[in-house]
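Following this line, the structures themselves.
The two complexes that follow have chain A in common; it is paired with chain B in the first and with chain C in the second.
Our next item is the complex of A and B:
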């Protein structure tokens, strides 16, 4: 069992991280390349860069607008995201793992904050699931992945919290730690191919939607040719 | 502000179709708007061909790719959509409407989607899905409020815009819009209201006489004056329905000594292409621009009309030379500048009744024209009240996205589409509702009539006409 854990924390961790980074780079590059191509083809290249940047920052740090509508849902979502982003990267144990895998280390979260943020992520993650199940509109829109992602995301938080804060028999520790590591690795692998890719793509959204209304010049003729409609009446 | 939900009886009234069952069967299309007869064979294949051609030649693909990657299905857009707020119908959730088209894109135009679809043998585009899109995309008023609220930044209005474009390529588009556009681009009169030139000239002469009688000032509508600063082009329906708006604009030019002209060759700024077809949008823009070149004007000035202003402002640069193209302004920008420069003088208490202002989505949502009309109103009216929400977050009149021109769906527009707006207007208790947009004005007049709200819908220049001061003898003569 211990060997399995060592494998999961060692080679498997490095592999899944590599897959995640490559996967995210792929969608990021595809997105940016698409935007550059669209910008080149656009008949009018004046973009409201400042406005898009302001909106991007406003959505990355949503402190104002979200509380005017659905404030409880917004608060849950924000608190859920804070721990979700900070703990995996800045928790002491993780930083040590990062150091042993990729040779880099950085600032760590004080233990108290790491624990608190873990709890908030779990609690508000559960609230978001309840919110989705409880809301008729959200239920109507939801696909399978929308229900599955949050349980999967909070699983490593729950197991990680238990392993760090509770006295466990060595066997249980290894089992829970294995679940912790493997569930995180499942997340790494699937993340770039699902909606969770918004973790790197969201900052592009406002620029993309400003650019999307900038159509290429003179496409009427080309579309008519392709569709065999040249000379057809309106 | 809470929007009241419609009752079951209202819903029945709003959704009732006046179309005959045999037409619905013949056209295989159970939608409330009229459609010209079209080829109903093999619709899914032709839809996909049109979709492919559009993706090939336009910029939509990169946006769709981004949207399918980030869409989180959070349902937050429901808090902004005036249609959803009125009906609470799940089919009216903006994100659901977008998913109709995004799922077609994913299934037929992405490798992963196509593989999954083939393996599981599902998700293929069907006739039923086309019918659902044909209904859903025209229930939306294209007001773009949902886009303000989407945390991951999906532009549902862009997706609806594209969906309508693809549908129009297989012949599914509201007849009212198609017929008007045909007249504008290929008809004898060259405008959407089919006004012949002699009738236009008669109207303008008549308005000039009217202004002489009312104000005692010789005010003219300059016709075909090449080399003027502005080519003035209103929504052509203004010549039939908004005489006071036009008189107000002429009076402003008289008082400020501006150089402007109306062309009797082409005098219609309406661009229904913005609502159903990018190809038509482009043709109309090019026609408008060609006229400004022919008349050798320095700029194009659009009258009180939201969609005409947006389409010209944003698509003249796209199709007519980018930054080098002639600039496009909305008349309120001109009038406001004249007020700021002191060339326009208004009686500060010309209108003492309560006045409120409706922001047309097409000029306010992107933050283009927001403060100018408010400053103008405050210059002649001490009792101005705001609606809430307003400015960039305004609520649509309920007739946006071309739906106002579809007369057969009036019950839908004034019961569902305009529900939130009606609640908002009632709350202000205003006597005058200023709406500087031909479409909004038509819709709001029908709305206050159907919803029995005691309020007069006017254009901004209608009231400026009552407030304007001609202070020199020279102008009087």
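Our next item is the complex of A and C:
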């Protein structure tokens, strides 16, 4: 068990975190590259930059949107995200690991807040599943990964909470820590290739949406030709 | 997936791995990834990338000479390819050189610091000059893409013949001087390879391999992009190479016979096996295959003959540059990481070659639209079954994924144990000996520094000057010496000993005796040493303690002396050299108060490191 844990904390961790960081960089670069190509080709270069920027910021802090449709679900989602982002990055134990391995350290969460945010993440994650299952519209839109992601995301939070706050026998500690590490690594691997990539693509999405309605120059002629209606007004 | 995409994906994968390992080499030094040492400083990078890279780049000057000097304009179509191959060959060699030099940031030194006696000085100038020439020969091709450089382009094409001649001159010098380099190793290089004709042999073999390498390049393009070959022209070029190869073989074998070394080839040692393998690959197989017209006019025949010659050439140069060096110390086997870096540099060069071929007007493989490209057939991502877009966009997505994946794999299999090496061995620092004048020799190896302690104290202001240097005492002590805390010669020492303070048999302190009760127990939230040890820091000490680690003895004493000495060297006009190494590390680095005959005896035993006769009990014990 201990050997497995060492492997999961060593080479497997390096592999998966590199896949996550580089994979996210890759999708970010590919998206920007594609967007620049689309913008260059567009016949109409007018883009509502300010509007897209306003929408991006509005979605980053969706306070106004919370109480319009499905208010409880939206509120749970926001609270879920806070712990999900803060705890893995600013938990003292994690920062100490970074410090001892690569020598970098940063600000950490007080223990009380780390525990509280862990609990909120788990609780609101479960609420989000219930909200998805409970609404017929949401069920209709959901794919398998939408149901699987939240249990996978809260699994390291549950195991991490147990490992830090309970007195465990060494065997149980190693087993739970192994689940904690491996589940986090599964998240790392799938993160850049699934919908969770929105963690870096989110700032781009409004701009790309705006760009998506720009067509390449003279594309209307091509459409008309394809439809055998040459010369028809578009 | 088609042939081209598979090839490119594999190349991207190897390149990615090599980038990670190469980064590890650059950040953590040669020892992190390679087995190179002072005894075997030339490894696989020299043997596979640098020396053969130069030889395989010979096509650049041979083919341009055939076209522009001998005026065989029927080969004009191959000029750009051969220049590109030569350019990439030299870049490969230069890149590998930067990777394998111990201090790569000093690679520019030969330009400024001239050393006319060195063969490597001439070689480095040849590399610099010929790279420039090749760059100027190659750059008009990509310049076609924009009209901005039209003037420069026209100028370079107009005076191309000058560049061609310069290229021939510098290459002649460079190829032969690589052979000259090995003339200085008669007792190191195996006799089957060592010859006083090495410069001639290097030059002639380079001429032979140049056109063959061009043919390999053309065959690669034709295979990957399904383009027809001009068999008659290629086989004619191959015949030229074959004739030169025969000349080379004659010179080499007659030289071996004339210097009475031929018999060594039949002794059956592993070196002779390599010798026969090299000669078969480089000489026998290509010469025989190319001599038969019906063989050299087929694609397979040409592939076999040229491929064999190129591999034989790499083996020949690798033998010269390392394999056949009589072991002068520890045997050297390259690590996996070295091999991957070596292959990665080659892969990157091939990718650059394919990029230039596709992108620029070098060969007729430029596509006017994406549908024409060989990988244009409808394709779907294997994971998602989604159409990935036009070939160019699909390529971008697939290759970047492969590259990212290989970078991550490389990071996972990084040689962590080599990077986190055991480090410097733990040498305890010993007390400085003497009285008014101290002899500082922390590791007791006999090489030390004589330090006029009382003289320094007097000059710095008498008794009040102590605290300018002495900044901490061991508990219960006054005037503790440096070695008490700076206990290790080369590594930091833990002077706090947390576990001792906490242990019942030691300090027997509870956690909260030092740490604040309601906070995380880290060093930052604990009380400072002088909370309990009131007299530990002398009043007025100029140096403050900031952490629980004492720097190594060597660093501590260097840090203490050098800053002040350099400062004084600026202030005191009569002592401008005070800041230099030799002002302390003098030749008289033995205690000055000893009588002369004792000093002589001391030096004899210390400096000559007298080898004591080995006793039997010692060997038995081992």
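The rule is simple: the second predicted complex is superposed on the first by the 215 of 234 C-alpha atoms of A that agree within 3 Å, B and C clash if a C-alpha of one lies under 4 Å from a C-alpha of the other, contacts with A are read in each partner's own complex, and residues count from 1 in each chain.
Convention: contacts are C-beta pairs under 8 Å (C-beta built on N, C-alpha and C of every residue); 3 or more make two chains touch, one makes a residue touch a chain.
Not measured: the values here are computed from a predicted model.
More residues of chain A lie in contact with B than with the other chain of the pair chain B and chain C. Using the contact criterion defined above for the overlaid structures, shared-chain residue A:30 touches chain B and also reaches chain C. When the shared chain is aligned, chain C comes close enough to touch A:92, but chain B does not. Applying the stated contact rule after C-alpha superposition, one finds that A:167 touches neither chain B nor chain C. By the touch criterion defined above, A:43 lies against chain B but remains apart from chain C after alignment on the C-alpha atoms of chain A.
When the shared chain is aligned, chain C comes close enough to touch A:19, but chain B does not. Of the two partner chains placed by superposition, A:104 touches none, neither chain B nor chain C. In the superposition on chain A, contact of A:11 is made with chain C only, not with chain B.
In the superposition on chain A, A:146 makes contact with chain B only, while chain C stays out of contact range.
Chain A residues 30, 34, 193 lie at the interface with chain B in one structure and with chain C in the other.
For chain A in complex with chain C, the residues that touch the partner chain are 10-12, 14-16, 18-19, 22-23, 25-26, 29-30, 33-34, 92, 111, 193. Contact residues of chain A toward chain B in the complex are 27, 30-31, 34-35, 37-38, 41-46, 48, 51, 55, 59, 62, 66, 69-70, 73, 77, 135-138, 140-143, 146, 193, 195, 197-198, 201-202, 204-206, 208-209, 211-220, 222-224, 226-227, 233-234.
Those residues of chain B that touch chain A in the complex are listed here as 49-50, 53-54, 56-63, 65-66, 69-76, 78-80, 90, 93, 95-96, 99, 112, 147, 149, 151-155, 158, 169, 178, 181-182, 185-186, 278-280, 282-283, 314-315, 317-319, 322-323, 366-367. Residues of chain C touching chain A in their complex: 383, 393, 396-397, 400-401, 404-405, 407-409, 411-414, 416, 520.
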